[in-house]
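This structure is in structure tokens; I'll ask about it shortly.
Chain nomenclature is as follows: A, B, C, D, E and F, assigned in order of appearance, with residue numbering initiated at 1 for each chain independently.
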Amino acid sequence: MARFVEDKINQNIIDRKELNSRFIENCSTYNSFLELEKKAFQEGHISRKYKELMAPSISIVTKCEPCIERHVQQAYLAGASDEEIYETLDVAIEMGGGPAAAYSRFALNALDFHKKTNSKL
Amino acid sequence: MARFVEDKINQNIIDRKELNSRFIENCSTYNSFLELEKKAFQEGHISRKYKELMAPSISIVTKCEPCIERHVQQAYLAGASDEEIYETLDVAIEMGGGPAAAYSRFALNALDFHKKTNSKL
Amino acid sequence: MARFVEDKINQNIIDRKELNSRFIENCSTYNSFLELEKKAFQEGHISRKYKELMAPSISIVTKCEPCIERHVQQAYLAGASDEEIYETLDVAIEMGGGPAAAYSRFALNALDFHKKTNSKL
Amino acid sequence: MARFVEDKINQNIIDRKELNSRFIENCSTYNSFLELEKKAFQEGHISRKYKELMAPSISIVTKCEPCIERHVQQAYLAGASDEEIYETLDVAIEMGGGPAAAYSRFALNALDFHKKTNSKL
Amino acid sequence: MARFVEDKINQNIIDRKELNSRFIENCSTYNSFLELEKKAFQEGHISRKYKELMAPSISIVTKCEPCIERHVQQAYLAGASDEEIYETLDVAIEMGGGPAAAYSRFALNALDFHKKTNSKL
Amino acid sequence: MARFVEDKINQNIIDRKELNSRFIENCSTYNSFLELEKKAFQEGHISRKYKELMAPSISIVTKCEPCIERHVQQAYLAGASDEEIYETLDVAIEMGGGPAAAYSRFALNALDFHKKTNSKL
């Protein structure tokens, strides 16, 4: 993996870890947001794995790199196979055309990164 | 259901049916697009139902009403339960905030419409 | 005001009123979302009026008609003057170009509608 | 053409005509915006026709219906042929996937409408 | 602050400074755009500070990093307090969900950067 | 050109070259997508050059950096002059406002890069 994309992913992870407490302390919406997030991705009639695969499909189409990185990791940790991730990219490409194909490359970089590091942060 | 939203959904269905042949005849990309679409939503490691639930989650976040209407219908026809559709709205709301809550209303209208008419067009 | 846009606005209001309870009953995220929404727009270091003017500026640039309608109403009810609303459209046009100018027309229609009906729903 | 889409297009045209003067009088940005718009689409190294075809390609991908309607009309009035408009839809579909295919239907409706009415407003 | 995000912000500032003259010389729209920009953010019925806080709220929801960086700086220079910036993030999170929370991290990085450097470029 | 943007462009090019085969092998949609892409940009009633200029106008408005980089290169290789590229930025700025002006800077960086390297990859 080239250094630039690795630095970008590491920056995402640093931001997620280091800035979280400032949001909790200073943004009145943040505790509700964290609760909303937890409920959205909790095990339900749809399993957590499929919910975490919806998230990268949305993130690719909306070109949100920090979201792609986070939710590819979460899908991987929830047990999504490579095949399931590629099929998620298929849906994203249908819903987003060429730009989704371009951002799917970042999704693969994020998947490779998280498989290698296997971090949960 | 109020008349305006019903007219809007009917217009979508009319456009889908009546304009399709003009795209096939005149757009050089269209046959490839239809093939891409078929492959994206085909039964695979992820079942067709879950793929068709990804699509409304994306469509709500990206504010695409004709897509919401179409893919809510397809998810319903692929066997998605009400509970699964509501959990899909949960993911969309997490990924899209207030605007996703607003477009989720249209998703419910589309679901009601297609359950009532049970059309496959 | 032409009938089509009036019907569209009325549909929004109907959906907001009639579907809310279905979301509360069925979407696990919805109570957290309502709490988040309340906190985001509460009186604070920034007054409620200015927060409710931010919302249409965002909604115009992101082409969210139900959001434009709702937040123009809320800004009006929070005491925003016509001049303040026009200056909000100025910011939206800077941040969104021609499409923001087009959606600003809907914002004016929504403002006219809510000034006339003076409803709080 | 179905009535709903015709009403929607007519509403666009009414808004464009009737609200313009309110923007000129009340938005400090509006005269600069109109000048910017005129310069963006003026005859240049790229002819007006090709610039007016860029605009619907952007508008379809960004799901801006009032923009699609306006710029399909302008492209038609600037001499774009049906073949050129279909090829513009091809580019939009490549850059926007399924949602662009859906909004291309509205582009065809707008083209049909403007060819029939041949209005310049 | 990690090096990657600092390099990204510095790149933005370099681009803004060094490319501006090429746009003025070569883009026929650019002088109108600069005038439009000046008018949109000028002191008015809404003070410059509140207009410059609208801009990051829009920029976060639309995932525009160069815009976030620029307008967080401008809001800071126009006298916005930390509390006001956090409340702006609250509105952005309501209007943009999880992705807005992610881009709010970049807004905090940009705020830290500009408070430290206190540059006006 | 500053190092950060050069690294970003190089990362894009690496991703495009190195990940392509993984998409072809693993994404069932990918061959249809490549065919669709080829047809969208083929010589037709609109020449390839003008189609490749539409693509950066869309990419700038939709804030897709990998797309901007790719299609600015393709437009350049298809014979687009500097003047034609600047006029494309004019259309993008009209359709996207300030954020389009910001992403137009990246388009100029990408143009400079590809003129210097003259690579076709």
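Note that in this section a contact is a pair of C-beta atoms (placed from the backbone, for glycine too) under 8 Å apart; a residue touches a chain by one contact, two chains touch by 3 or more.
As the structure is a prediction and not an experimental result, all values here were calculated from the model.
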| item | value |
| --- | --- |
| Both-way neighbours, i.e. chains that touch chain F and touch chain B | A, C, D, E |
| Homomeric contact chain C-chain D: same or different residue positions, threshold half | different |
| Chain whose Cα centroid lies at the greatest distance from that of chain B | E |
| Chain pair with more C-beta contacts, E-F versus D-F | D-F |
| Centroid distance [mean C-alpha coordinates] between chain B and chain A, Å | 23 |
| Chain A: positions in contact with at least two other chains | 28-29, 33, 36-37, 39-40, 44, 59, 61-63, 67, 83, 87, 90, 93-96, 98-99 |
| Pairwise touch network: line, ring, star, complete, or other | complete |
| Chain C contact footprint on chain F (complex, rising order) | 61, 93-100 |
| Partner chain C, residues of chain D touching it in the complex | 7-8, 10-11, 14-16, 19, 22-23, 26-30, 33, 37, 59, 62-64, 66-67, 70 |
| Residue ranges of chain E touching chain D (in the complex, touch as defined) | 28-29, 32-33, 35-36, 39-40, 42, 44 |
| Chain E residues touching chain A - in the complex, by the definition given at the top | 2-5, 63, 82-83, 86-87, 89-90, 93-94, 98-99, 101-106, 108-109 |
| Touch list for chain E against partner chain C, complex | 36-37, 39-41, 44-46, 50-51, 53-55, 57-59, 61-62, 67, 81, 83-84, 87-88, 90-96 |
